[in-house]
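In order of appearance the chains are A, B, C and D, and numbering begins at 1 in each one.
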Amino acid sequence: MKHESTPERQAFYGVLDSHDLAPLWEAMATLVTPQPQSACVAASWHYERLRPLLLEAGALITAEEAERRVLVLENPGIRGRSQITNSLYAGLQLILPGEVAPAHRHAAAALRFIVEGEGAYTAVDGERVTMHPGDFVITPSWTWHDHGNLGSEPVVWLDGLDVPIVNLFDTSFAERSATKSQFADCAEDLAASRYGSNMLPLDYEVHGGNSPLFAYRYAPSRAALERLARSGQIDPVHGTKLQYANPATGGYPMPTIGAFLQLLPAGFNGAIYRSTDATVFNVVEGDGFSMIGEERFDWRPRDVFVVPSWVPVSHHTNSESVLFSFSDRPAQKALGLWREHA
Amino acid sequence: MKHESTPERQAFYGVLDSHDLAPLWEAMATLVTPQPQSACVAASWHYERLRPLLLEAGALITAEEAERRVLVLENPGIRGRSQITNSLYAGLQLILPGEVAPAHRHAAAALRFIVEGEGAYTAVDGERVTMHPGDFVITPSWTWHDHGNLGSEPVVWLDGLDVPIVNLFDTSFAERSATKSQFADCAEDLAASRYGSNMLPLDYEVHGGNSPLFAYRYAPSRAALERLARSGQIDPVHGTKLQYANPATGGYPMPTIGAFLQLLPAGFNGAIYRSTDATVFNVVEGDGFSMIGEERFDWRPRDVFVVPSWVPVSHHTNSESVLFSFSDRPAQKALGLWREHA
Amino acid sequence: MKHESTPERQAFYGVLDSHDLAPLWEAMATLVTPQPQSACVAASWHYERLRPLLLEAGALITAEEAERRVLVLENPGIRGRSQITNSLYAGLQLILPGEVAPAHRHAAAALRFIVEGEGAYTAVDGERVTMHPGDFVITPSWTWHDHGNLGSEPVVWLDGLDVPIVNLFDTSFAERSATKSQFADCAEDLAASRYGSNMLPLDYEVHGGNSPLFAYRYAPSRAALERLARSGQIDPVHGTKLQYANPATGGYPMPTIGAFLQLLPAGFNGAIYRSTDATVFNVVEGDGFSMIGEERFDWRPRDVFVVPSWVPVSHHTNSESVLFSFSDRPAQKALGLWREHA
Amino acid sequence: MKHESTPERQAFYGVLDSHDLAPLWEAMATLVTPQPQSACVAASWHYERLRPLLLEAGALITAEEAERRVLVLENPGIRGRSQITNSLYAGLQLILPGEVAPAHRHAAAALRFIVEGEGAYTAVDGERVTMHPGDFVITPSWTWHDHGNLGSEPVVWLDGLDVPIVNLFDTSFAERSATKSQFADCAEDLAASRYGSNMLPLDYEVHGGNSPLFAYRYAPSRAALERLARSGQIDPVHGTKLQYANPATGGYPMPTIGAFLQLLPAGFNGAIYRSTDATVFNVVEGDGFSMIGEERFDWRPRDVFVVPSWVPVSHHTNSESVLFSFSDRPAQKALGLWREHA
């Protein structure tokens, strides 16, 4: 609604301004919109173009100097803010053989989705896991974490963080460890043994909203999707899709970021869908394209693309495809804000 | 950490830029700070200066033309964004005798704290409550609500909304009602009878995180604080302080905004405290001052002041005082981000 | 189903018996019945007959010698087991002026509903509340509690306990206090101030399933029912009925026993209802009768009657009536066993 | 406490009796005991003696005639009540090649732990799983279930049910299906694919307290214990022990019965422990003995033994051993009654 501008009103607005006040009625239309009006846009990054740049970064700066050698994927609609959506950060991180990304912790929660390479590990609060392509790994808020590459090839993963959420709430904390790398006194995959087999420690008590299981392996996730797909459980929008879960609560792995894996059969022509959680996709297998709004985004393995809030999207495949994705859905649901429409 | 700038690196950054990429290591220090570094500042608004401006607004625009006739309290550190903290909106709303603020609904959740005047009502999803000074009223996300003044004097209340949170998540929705005012077919205070007496409807089931009780009266809240204070329950930081609760869950009244009422004895010299939830205070009774960081803010009844995230604050009174306050604490706790330090 | 009895089978059953074994097929029909087949029956106790017996008990044994001077209401269908239903105990307790029922605690949870007399108190974990007719008071599992009568008239209340549940699970514990009466260092109704006004202590954390509010007053409960009834909220089965709630969770006051208060208008002819939670009623006001199965039970103030599991019941009034009731519904719901049919 | 018996009191007790009343003070010592005083006793059943009896039962009655061909393990302390503890039922069920145990459902919840044989299946609400020795399978309250043996050898499993709990609450319901066997239209292990891989269906909502995963396989459970044991996680009481969990909540598989699997190294001499949940053990691997109270119970694979509430127990092994166990712990915890002491 447009309000009449009179000289009296304009003069009054000047007075208000001098008192750190503003007339709501002049701002309300932009503050409270009938539908989400994101400045973010749909976008994609092709891995074949990203990979040489990552390797060039590897030549220009060490993991240690960079602390984290990451190319941030910036949403073209909001450049300069290190964000892929209005609430999330994403980047591709490279770690070369022999390198260590030193231990630190921060209020921001992070996920990793392994894109390429064998031999790297992540250590979380003293426990170390080796990562393989397709694995989904979390480093929840305020957990110590470091990464290293003990193998012989470059390793690349997609990082997703809730930095914009943490900063909206003015709740950023961060700390560097005195020691570069956590002493990993634990056997590999202890958390998987304790929490990952549909069993839990005796009289386990939940503290906070983070999953005690911090590595979700690609092989069993992929196999579960395949069995479901073979049984005919194929959704017209999502194909066969599951969300990663905290085995101790059934909730999302972390309170701010949810993650998903979906299998689309060859020749899939998905129905149109939209939801308020802008979503970042990474292609694991297959090739196809997604219609995001009116625009077509072709994708192949390891490509990244982003669907903004409330923009209609449909997925279409040539070959059988697997898509990993993540969004802020847990936060939106916890705050009563999430909507979807199929 | 500052990284060496070489011509190669600068050239590389230019290439990255053309691919919607950015080097994390150049931005990380500002993205992930060791402690909250809010652009918001401490500030106060004295009601004796606000009141004439509110009445002038009443003369310049009708409630109906304005839809909501509100003077937005803008944090001096982030002017122009209609925010009192980095995550919350606050304003003072005036409604004159005979006026109606027409029915609408929006994804943003709102609270009202009645500052002055008798005779106004708020209707929420078809149920109407008359509001008195000191009452705390909520209009949760996506509930229809309208306000009216059936009395003979101006009525002013403090509005608090989570608009910045809704907009961070790109989840804004809003709708105007075809009818200006909701037909209130319900007896007054039906919700109070159903939910407000430590009893609940038979086999009540919770849906979502909003309190079904939407008006919290000042008199019983004040009386509870007084009884506790007389029993000697006085905290060195907070005096005698309670939080408003959802009687059906024990949680906060709404998932994004919590509210508090505290009684400070005359001559109270509070200990220093800080927390990550920037907090908006409204003085109900008494007079005193608060030290926010190094700055002193004197206050008297109906004044508003704001304490930014993680800035140390202490309260000091001349006379027995009652402070209402609200913050985004429920959201921070749900997302695992809240911290305090006493 | 009846199975053929052959000599071979009988001989085999004898062998089984010597090995602490039994053939399921001979017992299954009585173990797993198509519908609840309670040994409990409908019954009522008229207060005009109970009162003289209570006073006679008062003459024959002191509260201190008895530890608790209670006449147990034994269900006529299962005499000798101190039970009013298959899972609950009920009795009427008398305490005379000047007497103390000494402090003890036990795993069994107890409720009190005050039937007659002024001047008695219950102390729970060091906090004391004076009780008035119609008040509902809880002493949760393992809380220290004692009772005393500081007034000048006999005080009688209805006790309800979950003793049969505790004993089914073989989880009985009990302890007597070294001191007869708890030193009550707290102001009266501190819990009411802390938890009873739709507010809670700062950042309150729930521990266990017991309400921190332990006295629910009759006056506000009665008033809430009256306001609802006047607004026309009258259920064909229940009239106007609410359940007592734990203000910190919205759950039942204790994990094993729920309690209810209902207002029935004069001339009410309730519809037939049944549920699996056998229910004990106490008449607070009014007169009428209830059809339980085929049998009619007339009632007047202070009478007690019991409705067994799954037996159809309907309530009928002459004058406006108020009924208090309690059952094991919280336990049945927690264990996934509760059913109702209206 | 013993109360003096006077002629007046005796006469009064007679009058009380005629009014369906009883003096609490005469019964209180047996109703409310200082510690659990179970009529149940420790006991064991050796499989080498059970097996011939099971096969003899197989010759004397068909699965169809018996509906369920089960030898009930009756606690020697409470013979004749079809109970192994005060709150639980246990039995060994035999199903021969080609047989079907026809479809029914009941309020009582059941678990199966496969003791011997390949080729049998359980179908739950239309989904069928093949069972292997060591698998743990649930058929929650009111789910349709039938069993069949498609293999060529006898199959035996341990049944555990909460029949005594259901009957205490007078909540028994049961129904036979018109068709003997459920048409299994689902692929095998669909539930495992949907819920068993630390992933869940999109926006999964929990309804009730039963696990949607109904078969827990021995191999991965055993492997998880082995990995933990190798890492040195050996508890002095329990060895390496995990509880089966509902992957959608982290809770127990069913609201009334919890189940556990533990690995004890060779030569283990466990510390003494007691808890209020009487526990039924089944030996999967290894041999050793348990001290229950003062009594020693030797065990070998497939033996069953039971530890009553609050009786001290310690486990001792010759060879590396695996014990499966179940108890009513979830019910006791939900009702606030569970205690343990190590």
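Quick notes on this structure:
Here is the rule we use: contacts are C-beta pairs under 8 Å (C-beta built on N, C-alpha and C of every residue); 3 or more make two chains touch, one makes a residue touch a chain.
Quick caveat, the model's predicted, so the values are computed rather than measured.
Among the remaining chains, the Cα-based centre furthest from that of chain D is the centre of B.
More than half of the contact pairs of C-D, counted by residue number, reappear in one of B-C, A-D or A-B; that pair is A-B. Taking each chain's centre as the average of its CA atoms, chain B and chain C sit 42 Å apart. Between chain A and chain B, the centres computed from C-alpha atoms are 30 Å apart. Separating the CA-averaged centres of chain A and chain C is a span of 52 Å. Shown are all chain pairs that touch, namely A-B, A-D, B-C, C-D. Chain contact summary for the complex, chain A toward chain B: residues 1, 3, 6, 8-9, 12, 15-16, 19-25, 27-28, 31-38, 40, 43, 45, 49-50, 53, 56-57, 60-61, 65-76, 79-80, 82, 85-87, 89, 91, 106-109, 140-141, 163-175, 208-210, 254-256, 276-278, 308-310, 328, 331-332, 334-339. On the side of chain C, the complex with chain B involves touching residues 186-187, 189-190, 192-194, 196-204, 206, 213, 216, 220-221, 223-225, 227-228, 230-231, 233, 238, 241-250, 260-261.
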